[in-house]
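Here subunit A shows up in two complexes: once beside subunit B, once beside subunit C.
Showing the complex of A and B:
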């Protein structure tokens, strides 16, 4: 045992080299370069307040990114996440307004979101439709449900008890609970995706479904549960948003899926399945947030912001792709 | 006999008097024919902005004894809205009050409707090159101007301010431009320090305002041309000490609660109910040009003499003092109606 440990130590590369060999190294370098450039361009960028603001702005969305990344790895995609986030908000909110306590209402909201995932999973694995079209239909149906529940009117949840609002608005020794929850979700799923057998099957299924099937993995089972997981995390994010904003609007989360998918893909997840990491996806959404914040701090005209943001992201992904390709060869 | 005669005379008199209003009503030209139907047509039909419009459209319809219907597409898609417009038109209504999502794609459908004898009035958005009879809207320039004055007066004419925008949506762009222009012109001691695109998304509004606050710790006010962004802006303000005046446009129950609680300073709200009421009246008049003998060349030139090209439906400044008057659910309860479902 000792010899084995010593042997391992002997062949282990220095930590900076191991860091450099990580799939996410290129993205980390790009984010760092952007941060350094911005610290010269704006004295307000490199401040604790700004970093806290950036982290807060993508923490809840980051929870949805985790689910989407795992789903992308298995070879799926979920266009309904924005609608499901909204659905969990409005369902929980309306149950609360009907007299249920917000904790139970939120639990029901999350379970209902999981049920939506289960229905989509059913259509994918049993009926045989693909994820794209199933979730496209899901996106429209669930958005319709949001309108039915709210009758088109935003729900005012001003009377939510302070203990519930604290989840989205409070902090523990200065560290917002939202960030704590986000970090916990990221660490948990990153660990599970790297170490847990059940989630390793996600990679095998996404890489080569037939081979995975022949090797005894119940691929449909894996795809079903990953679809459920993605919707559940979206529902979880929805109730956090409800606590954070004290409101539930039927138009919340429109277009969110594009940001989520973009973050995961920037972070290295493949739309063909089989590759991706939670860390990479989180770096992807962090990059989006840094770029957005930078453009505002630099007072860039709002008419130019989208175009510049798109160009920066295209450039960043191209550099990352080039670095990864060179490393692989 | 005298008693009989006087009783009979009295009875005739009473009958004549009691029948008089009925006859007057029957004879009033301001009544619909049986089956005369007017419809309202919108895109994103589930959005609450339309509900007060239709509610008051319906009120006008009932007063004139007309049938009304709410139509449209739940999607933000001009093709689908045109399809729903065409479906409504196929039922040969007397008039359509339409919010054309885009102006030019509606030229042909509106002209076709006019050609088949259906009056068309546009509201909140226009199709100026079409043959629509009238256009009723709130004045976005005035909304931005009033918002600027309300904030500047509250700040004593001094301080830094920012705007959160929704670039590309015409009425929102007009409100923002008017807001900035007014402050530049009337309140020279106020300085614009930041602009961010929030696109009606509370999370983007939160991040945008947070970034602006980092660069401008003395920020005193922020304006946005719609209500959704105010949810995120108010949260950013709360986390940054709560010293910023948050001002938006449009209202909903949540924003009204926030205004009452002091988290949002106020909102500029177009009187969209009047768009519905006046929109109906404009349609009805356009459908009944025979009511007047025009003292102009309308008959010779072949245009509708009952056309009023433009109507401004006005606006309200909503603050903590009057917020209670703008709750939609309370209004519906008071009116005892089912809103768009009837």
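Showing the complex of A and C:
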């Protein structure tokens, strides 16, 4: 009996580790397979231009995914990220139009986004509402703010100074700054998530809030600050979008939150909290981006695209559920 | 047997490797009130859950009025006329009392719409037999004792042949208990058979016709109550040989008078009051008492996990201001929860991450980063010391057996070099081998000078492991037993309040008020 349990344990631990990395390896394999298939299906797919476009398309969203993943690990969710991205964009944009320099305007936009996160964090931790409902209300309220700030019309920001536009449009030896920023954020947070004490508490809280509480971790603080972090990163993404597009539309980012959550979940973040990796989430959004690009190149009607992406999400979540059930038993 | 309504024949039930019931037979006559007794974990609840269709037996059969029946679900049990009044209140707090009472009937009815007026009228009729509670109120708004009455009313509406009461008076006042007893006697006159589970000897001898005693999942005895005395029942509940080996206890000469932890007049105005505990250096102090007596709440109060309103806590003679658990940990007082999976370990996280959780500050460098090497070393050291059998410290705790999970939970506490560890059910759900390892470990820790308090529902564990035992009843210390006075009977007597009915009744009415 003893030998038997020891035997299964000796096998189990590495197999679990393989399962963890399998998630990412599996995603990479799927992405590669899709790329190879597409290279045959469309001559335009395997071009530098297309890859650059794909990378650009998910780089900024990728920054939002980082925040969302950490929030999912703590057991929360933020439906307001799309609105907050837009809010940072239109607030910074209108401050710029009011005469402020774009850097200060952007900083204020990011801080205001952090404040929105703080308000949602307050409702979650002090008032005691759940993340879903709080951020659902936040999504609608912040979208309303965007419409109020812009009076419903897009802001044209072509007067932005070139130095600021360079952040979103320029490149360093052919490598767009956007991609450099994106990679920096990902590497930084991936490292912190594995090593920083503060972010370790995110795992404890999300894995078993009661046990974390019984270990002296102030779980409400953790939840509050992670909520703030998620909104702050969304605001950061918003000002990069502003720089990139040279415009701020009050309807920008509608539905973005679903893409972000889908990416994190495809990448292995659990909606029950306690698990998730930055790398997985980034691969998740890369997959969605490759799918979108493929559908466009294959001339699949726009009307079909959402449905196909939804099916991919459903499949990924089902696999996650299946794996969790197996792990529990 | 005269007119057996329900016959349980040779029922066996396993939970994994644990045998909860072994070859248990039980027979219930028409119109009798049959008491079911046994210690915590004797198998009463398992047997009742089998009758109520919540659990399925692995072996054996259930014969209802001469016919073998299979009770596949609680709904099936109800349609066979078997009703269970749960010990834990299982009402829908947001639904009205009336809706709760007729929940089962409503889920069976075929009509499309609810007839609320009829529902309320009928519910009120039933409710009035017990107490004048307005059935239009939300169940969740009622005090606990009223909720218990609603739970009973709910069972009364089922057209039952057999009605099971699982400790129905735990939350009731004396007056309500008397009304309940009248109703139960009335049911008996109508030919309904009652199974009555209680720890209170006075109730059993007041109300019941026969008593069946279970012990360790075995049927011990069934006797008419008239032939027994309360002491006999207690003896039947206990009388077991201690087969498990425990580490040697403190010798008389080793006993120290140095007080490590002293709890004075601790109370929380709700679950416990005026609790005094002294823990000496080098001893393992046991805390016994029935489930729900307030043992866990007291432990939580000591460790800052539950707000207290009176009393003080001293560690090595120094008063401690413990406002929250972080304060307690800093003072050197740690608590190991009885609910290992619910609040003890992080199942998804690695062994190393579990062991380091209380000790993060010590492992954190200047930049706020965790020293991964030191963390792995800490975990590796404890894994060796505690003989945790695992693949690697990076494996998730969910990959370990229950005993090894518990060792991780203990390692987590030891990592902060505590002065006192309070362990709530340290060996619950753990196989015998790991259990004895944990017992040996606790003895070693105690000898090394760490104060150990063990809360346990298992009497053999309390008596075999501990140097001294305190028994809690109704939220206060009912008595203390030193090594010489310690026996299972003595603990049960203190825990169930035999010879102490007046105190118990007084506390029961206070509790409800």
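Just so we're on the same page, the second predicted complex is superposed on the first by the 277 of 329 C-alpha atoms of A that agree within 3 Å, B and C clash if a C-alpha of one lies under 4 Å from a C-alpha of the other, contacts with A are read in each partner's own complex, and residues count from 1 in each chain.
The criterion applied here is as follows: contacts are C-beta pairs under 8 Å (C-beta built on N, C-alpha and C of every residue); 3 or more make two chains touch, one makes a residue touch a chain.
Since the structure is predicted, the reported quantities are computational estimates derived from the model, not experimental observations.
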### Message
Under the stated touch criterion, which partner chain does A:155 make contact with: subunit B (first), subunit C (second), both, or neither?
### Response
first
#### Entry: First (subunit B), second (subunit C), both or neither touched by A:220
neither
### Task
Answer with first, second, both or neither: which of subunit B and subunit C does A:251 touch in the superposed model?
first
### Task
For A:47, decide between first (touching subunit B), second (touching subunit C), both and neither.
first
### Comparison of subunit B and subunit C by subunit A residues contacted
B
### Which of subunit B and subunit C A:207 touches, first, second, both or neither
second
### Task
Can you check the complex and tell me which residues of subunit B touch subunit A?
46-48, 51, 74, 165, 167, 194-197, 200-204, 206-208, 210-215, 227-228, 231-232, 235-236, 238-239, 252-258, 261, 328-329, 339
## Note on the structure
Note: in the complex, subunit A contacts subunit C through residues 2, 5-6, 9-14, 16-17, 195-198, 200-201, 203-204, 207-208, 210-218, 274-275, 327-328
### Message
Going by the contact rule set out above, which residues of subunit A touch subunit B in the complex?
### Response
42, 44-45, 47, 49-50, 53-54, 56-58, 60-61, 144, 147, 151-158, 169, 241, 244-247, 249-252, 254-255, 289, 292-293, 296-297, 299, 301-303, 305-306
#### Entry: Residues of subunit C that touch subunit A when the two form their complex
305, 324-326, 329, 335, 337, 342-349, 353, 357-358, 360-361, 363-364, 368-370, 372, 389-392, 394-396, 398-401, 412, 433
